[in-house]
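Chain nomenclature is as follows: A, B, C and D, assigned in order of appearance, with residue numbering initiated at 1 for each chain independently.
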Amino acid sequence: METTTRRQQTPVSAPPAAPLADRLRSIRALTRALVAPLSDADATIQSMADASPAKWHLAHTTWFFETFILRDHLPEYRLFDAEWPFLFNSYYEAEGPRHARPMRGMLSRPSLDDVLAYRAHVDAHLERLPDRPELAALIELGLNHEQQHQELLLTDIKHALSLNPLAPAYASLSPFSIEPTGAMDWECHEGGRHRIGHDGTGFAFDNEGPAHDVLIEPFALARRLVTNREWAEFIADGGYRNPALWLSDGWAWINAEAIRAPLYWQDNAAFTLAGLQPLQPDAPVAHVSFYEADAFATWAGHRLPTEFEWEAAAAAHDSAGGTQLDEAVGVHPAGSPSLFGDCWQWTRSAYLPYPRFRPAAGAVGEYNGKFMSGQCILKGASCATPRGHSRATYRNFFPPEKRWQFTGVRLAKDI
Amino acid sequence: METTTRRQQTPVSAPPAAPLADRLRSIRALTRALVAPLSDADATIQSMADASPAKWHLAHTTWFFETFILRDHLPEYRLFDAEWPFLFNSYYEAEGPRHARPMRGMLSRPSLDDVLAYRAHVDAHLERLPDRPELAALIELGLNHEQQHQELLLTDIKHALSLNPLAPAYASLSPFSIEPTGAMDWECHEGGRHRIGHDGTGFAFDNEGPAHDVLIEPFALARRLVTNREWAEFIADGGYRNPALWLSDGWAWINAEAIRAPLYWQDNAAFTLAGLQPLQPDAPVAHVSFYEADAFATWAGHRLPTEFEWEAAAAAHDSAGGTQLDEAVGVHPAGSPSLFGDCWQWTRSAYLPYPRFRPAAGAVGEYNGKFMSGQCILKGASCATPRGHSRATYRNFFPPEKRWQFTGVRLAKDI
Amino acid sequence: METTTRRQQTPVSAPPAAPLADRLRSIRALTRALVAPLSDADATIQSMADASPAKWHLAHTTWFFETFILRDHLPEYRLFDAEWPFLFNSYYEAEGPRHARPMRGMLSRPSLDDVLAYRAHVDAHLERLPDRPELAALIELGLNHEQQHQELLLTDIKHALSLNPLAPAYASLSPFSIEPTGAMDWECHEGGRHRIGHDGTGFAFDNEGPAHDVLIEPFALARRLVTNREWAEFIADGGYRNPALWLSDGWAWINAEAIRAPLYWQDNAAFTLAGLQPLQPDAPVAHVSFYEADAFATWAGHRLPTEFEWEAAAAAHDSAGGTQLDEAVGVHPAGSPSLFGDCWQWTRSAYLPYPRFRPAAGAVGEYNGKFMSGQCILKGASCATPRGHSRATYRNFFPPEKRWQFTGVRLAKDI
Amino acid sequence: METTTRRQQTPVSAPPAAPLADRLRSIRALTRALVAPLSDADATIQSMADASPAKWHLAHTTWFFETFILRDHLPEYRLFDAEWPFLFNSYYEAEGPRHARPMRGMLSRPSLDDVLAYRAHVDAHLERLPDRPELAALIELGLNHEQQHQELLLTDIKHALSLNPLAPAYASLSPFSIEPTGAMDWECHEGGRHRIGHDGTGFAFDNEGPAHDVLIEPFALARRLVTNREWAEFIADGGYRNPALWLSDGWAWINAEAIRAPLYWQDNAAFTLAGLQPLQPDAPVAHVSFYEADAFATWAGHRLPTEFEWEAAAAAHDSAGGTQLDEAVGVHPAGSPSLFGDCWQWTRSAYLPYPRFRPAAGAVGEYNGKFMSGQCILKGASCATPRGHSRATYRNFFPPEKRWQFTGVRLAKDI
């Protein structure tokens, strides 16, 4: 799986600075490229309620453009199929009733070809939109939404294929090299008053604002992610059997679910988008839950960072660096000195509104605010995050027991 | 949906009396024909643990021939794929571990084409078998097994497609006419000592024997099945709200599951293999559970027959009559004067071993005996039963709450 | 636990032949005696939905007399408390809504003393009833109903106390001796036409009739129950790990519930009504499910009897023999040559209506008929069955996975 | 239920400033007084896994003193019963295995009298302790722990009695008057840098520290709690049917559980510790979940406060004010101008560690830290909180869907 030289990455996507119409074409094209390795059957199955079929991602991202842009702003537009909005609305209550999420895997029809025709139809109409600022804002939102689903498409199909005893590959792995890692090295921060949240320049999701100041105590942040080797040591030391290391909910969860290793680990191998592959000791550990991340940090004598600490530290880092998604290949964490990339990083912060946060009006306002309970903040980006999508103020969030995203651990400590 | 003339049925299958090799070819061909309307995605999805993907039925029936005949009796035979037996063994403990039943819908790979290649491979080897009596017996068992899966394939895909809000059709309906029905008419039987079970001539499953005598009281059996019109009257009369009509388990079940009509009913229509179609008042009601059948009989002032009464009455009937499966079209109950066909008929008999019953030795012995608890006997045949498969001694069985088979009601009464 | 001489049993109950008024007093008195060892708290707790608190049994049996006799037939009678019928109706839909069964353990009020006052009140009014035949029949039904609850009271409190880690005793054990057992000995029956069911002389439940003839093949029935020693051999031989021995539902059940021994076994001891006691190798095994009984029989190369075989054999036995309940002490299977007593015996028969069975009209008709699905017939009587309550035609019934009754195994075989 | 004059409260407890030995006696005495109205059966039952039997609270608080003080620090001490620690350890993993929480309601033995004897035994030994500072700290912890269980004892028995259809009373209500409420009035705060957390003077739980500064934006806090009248308006306005008002998890929860009103509401009445009582429109609403509190605040156009806002505002308030627990009577929210009392107040803050928080070493360190996920902070105190137990820095916490505590709503808004 290792190669000696790291290939130059040739992004398929237009960079964030590119004209919007170019970005629209390139981002939509990347989604299509991501399903190219999949059969109609691959694109249809749903492995759990949390995940969606690849076909559904294709259609739902298209429904978003069709509904909030074409239907609402292009008077002559006719719906591609009047029955499909019921199928491809995800959770927008304001948009009416919708198909039950756990039943998405029953949609053998429409076929993958039908859904690709839907995409072509909507893409063709998007080309005809007038050049108006409020439409540009909606398109930008639609593109960022689509990038999120690109990542989900990859993590969802990885999960689905992992349940097939034949361990089929999505694609061959992106070539990558893994550098040997040494002892943990720390970057110190002196704390104090820090500006947090998005200041209003460029696109951001509503949950990233309003910008505001917070007080941070001095802390240090690890210069790299926790590796598979270190995780194996945690296991060998009885990490999953010692209740003193675990949050109470986490201890209940690992015992109820018989969790004894990261998701996808099988002996000395792990299921990847390229099928079963040997574990790379120096690669960042991925597919761990918040509970596991927290227990590991306790075992290591450290802790997880808060989202504010992480964001304060990120000011000095390039959010487009590290291992992120550039093209439709099998992606996998490889490790890098960047604060971003490889794995989303669990923080010790709950997903809560910033002071004076107000959701946007209308259905689009359901995007983030209503999920602000029971979830944890993750920062950074993963190998499946389209490069250019994340930033220092980005607030990713998942429930503490979820593991099917590329989620890993960066340690912090008080100084 | 009605047509004025009933088309002559041209059976694809060779009749039971045909040479075994011809029957092998024609029955295997019918299975292939049954999946012709399905896409790879259609053939992959699994709607519930009780049902299996169409692709799985194709492969499992082939695994049966590969395992019990080719592997065991054709020395030079090599498995088509050494990993597939794990996937396509259904429940034969003696054949080793196997894929969990509720996960069959995750098998986007192998593809439908791969599975059809598997069938072709096994069919080609079956042509090379020597002409030995013990092989003939196993082939006969394999063919009867395959016919059972033909019926399940149709009922399983019907269930899966019914969960798609688009109500897609499997195929256009088999043309059929529905005769107006009048008041219930009864055929009387004087009771006495009756020979029950299979006497050993021709193929039968092990659960149909040993033949033995039973005593039967005088009784009458309805000359036709209960119709949709009668069922609508039962509903209108509060049948689903009156606990006095129901077995205690049935009352708990309809309330826990919010059952208020037969499966697939939606207002005045019903989902069929041809999509949503208007309810036919004179057609036999289908897709009711044993609990519903029993409650209806109580409401009607009658009862369900025992399996012995039904079998005694069947002596005078042609088991190949009535609405049964002849070719790969959408099937649907139409009604007929035959005791067989349209819908399997719930009896008041539990599925228990006959006196001196002993399962066969080896894995094939797991076929029937181990299911002899918690299930009810059904007699007759349905519109999805391959014509020629059933007979008077046939003992079909399902748990009392299952409804996705074509299951209906024939009333009985004491005289 | 063993004593050298078996004490003469002095029945508290008046024998079935005694005048009804005497039997009423003595049976009601035995129920009171059975709760004498219990505190208010003991009598309040409910260990599972299947079981009821002792206090509830006291009140429910009294409600039965109050409702169906005093309220309906004693014009001046006033309900002891107008709110209590809601609490103490068990399952009679015709008697209106009622307290949810799994919530019976929440009734810390009324207190045990309040309930005993209720019993005294109803008993006093029962003394004033006119001497009318239809009342005698209802009283007889009420007494037989109360005897059933005497047995349930003992098995329910045993289950509840077993969940207390202190393993508290209900009472000291009834003194008993256990005879050494030898190899299994068989009693042969030639089969033929047998009269089954109750002929109408003396009390019987409605499910015991109508009497009718059945045909039975020649068979042999074991002269004693399966012992703890034999069960330990079954375990040692891997009986709980070999799927070939089990019905499919049973195999799923033991694995889902991690069943590896009879209920109440802990190493070489078992929880009894007298607390934890050493296992007696020669005593009949108790607290096994139908699934376990069937698997054991298969392992032993034999089978369970049908209810008809058992009843045919019982013609030659005294139904008041063997280890049955005579007084309020801790009861426990000890073994005896009687066909009756020690443990109820699982049969291979499902609980179904006899030919021409019709439930009685009104609420009392809900007594038996509505449970005729999903349950198995047990014959005989147990150490907790009030002596005189059972008879050859008695049809006890429980679901196949239940184990908290004194249920054991008598083997049968074809000859 | 209303009375015209509010009776002078005569606290049973010694005030926090009293000598420790006096406080020990008075707090332990209040616990005994709280169970005086309960029978052995009342004190035994457990209504849900979240709640514990009153008897268990009595024993567990005693176990805490026995284990961490007598056993560890009084050399001659012998355990009252060597088997009881297994029963009465709550969740301290370091103290070894323990009885499963949902099974606490099976402990009909030991009896209430036995448990009171255990308390007397331990109390007698506590009198003999030497006067050492580290023991004083443990006693103080034990007393604060016991006060928490006093509140739980009341809320748990309220829940248990509420499930009895007879709606029995725990005790007569504490006499109280309810003042008419007017429009919502607001107290403004200018925000800025605030000191948060406990500074080390007097007792506090570990989760209240370390003290640290936070930045707060200007805000206003309501001068009173939301009332039953306002909640009824929320219901009448369709509050429970409008998804736009709810967090996504909350919307799923109210629909799954069919929640349409606060816990214990029945038409215009509510179940109280004094049985069913008419709803008091001007009394604070109680027994609402975080989800409901948040939805109400959204409906009202406001929001919940953060824990920091609440604590900053509390600097000006007496934490011993308002409706809190003084003696063993039925308690109920009555309303008061105090920031404390009546109901615990849900905040918008997740229960997370303060910067540089470290749990204490040993079993006592399991007290708080391990619950820091998935829970919400509540501030203030309730009518069931022993007066003197709470303070401005106190961090109560419960999962967002729990309602059986006296939990209510104080609104906040941005200014």
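The rule we apply is simple: a residue touches a chain if its C-beta (ideal position, glycine included) is under 8 Å from a C-beta of that chain, and two chains touch if they have at least 3 such contacts.
All values reported here derive from a predicted model rather than from experimental measurement.
> Which other chains touch chain A while also touching chain D?
Correct list: empty, since no chain touches both.
> With residue numbering as the guide, point to the option in B-C, A-B or C-D that repeats A-D in over half of the contact pairs.
Interface equivalent to A-D, from the options B-C, A-B or C-D: B-C.
> Taking mean CA positions as centres, which chain lies farthest from chain A?
So the chain farthest away from chain A turns out to be C.
> Mind checking the centre-to-centre distance between chain B and chain D? Centres are C-alpha means, answer in whole Å.
Going by mean C-alpha positions, chain B sits 59 Å from chain D.
> For chain B and chain C, let me know how many angstrom lie between their CA-based centres, rounded off.
That pair's centroid distance is 39 Å.
> Which integer distance in Å separates the CA centroid of chain A from that of chain B?
Each chain's C-alpha centroid was found; their separation is 46 Å.
> Which chain A residues touch at least two other chains?
none
> Which residues of chain B touch chain C in the complex?
Per the stated touch rule, the residues are 91, 93-94, 193, 212-215, 217, 243-244, 246-251, 290-291, 294, 348-350, 352-353, 355-356, 370-374, 400, 414.
> Tell me, which parts of chain C touch chain D in their complex?
39-45, 47, 83, 86-87, 99, 103, 105-112, 160-161, 163-166, 168
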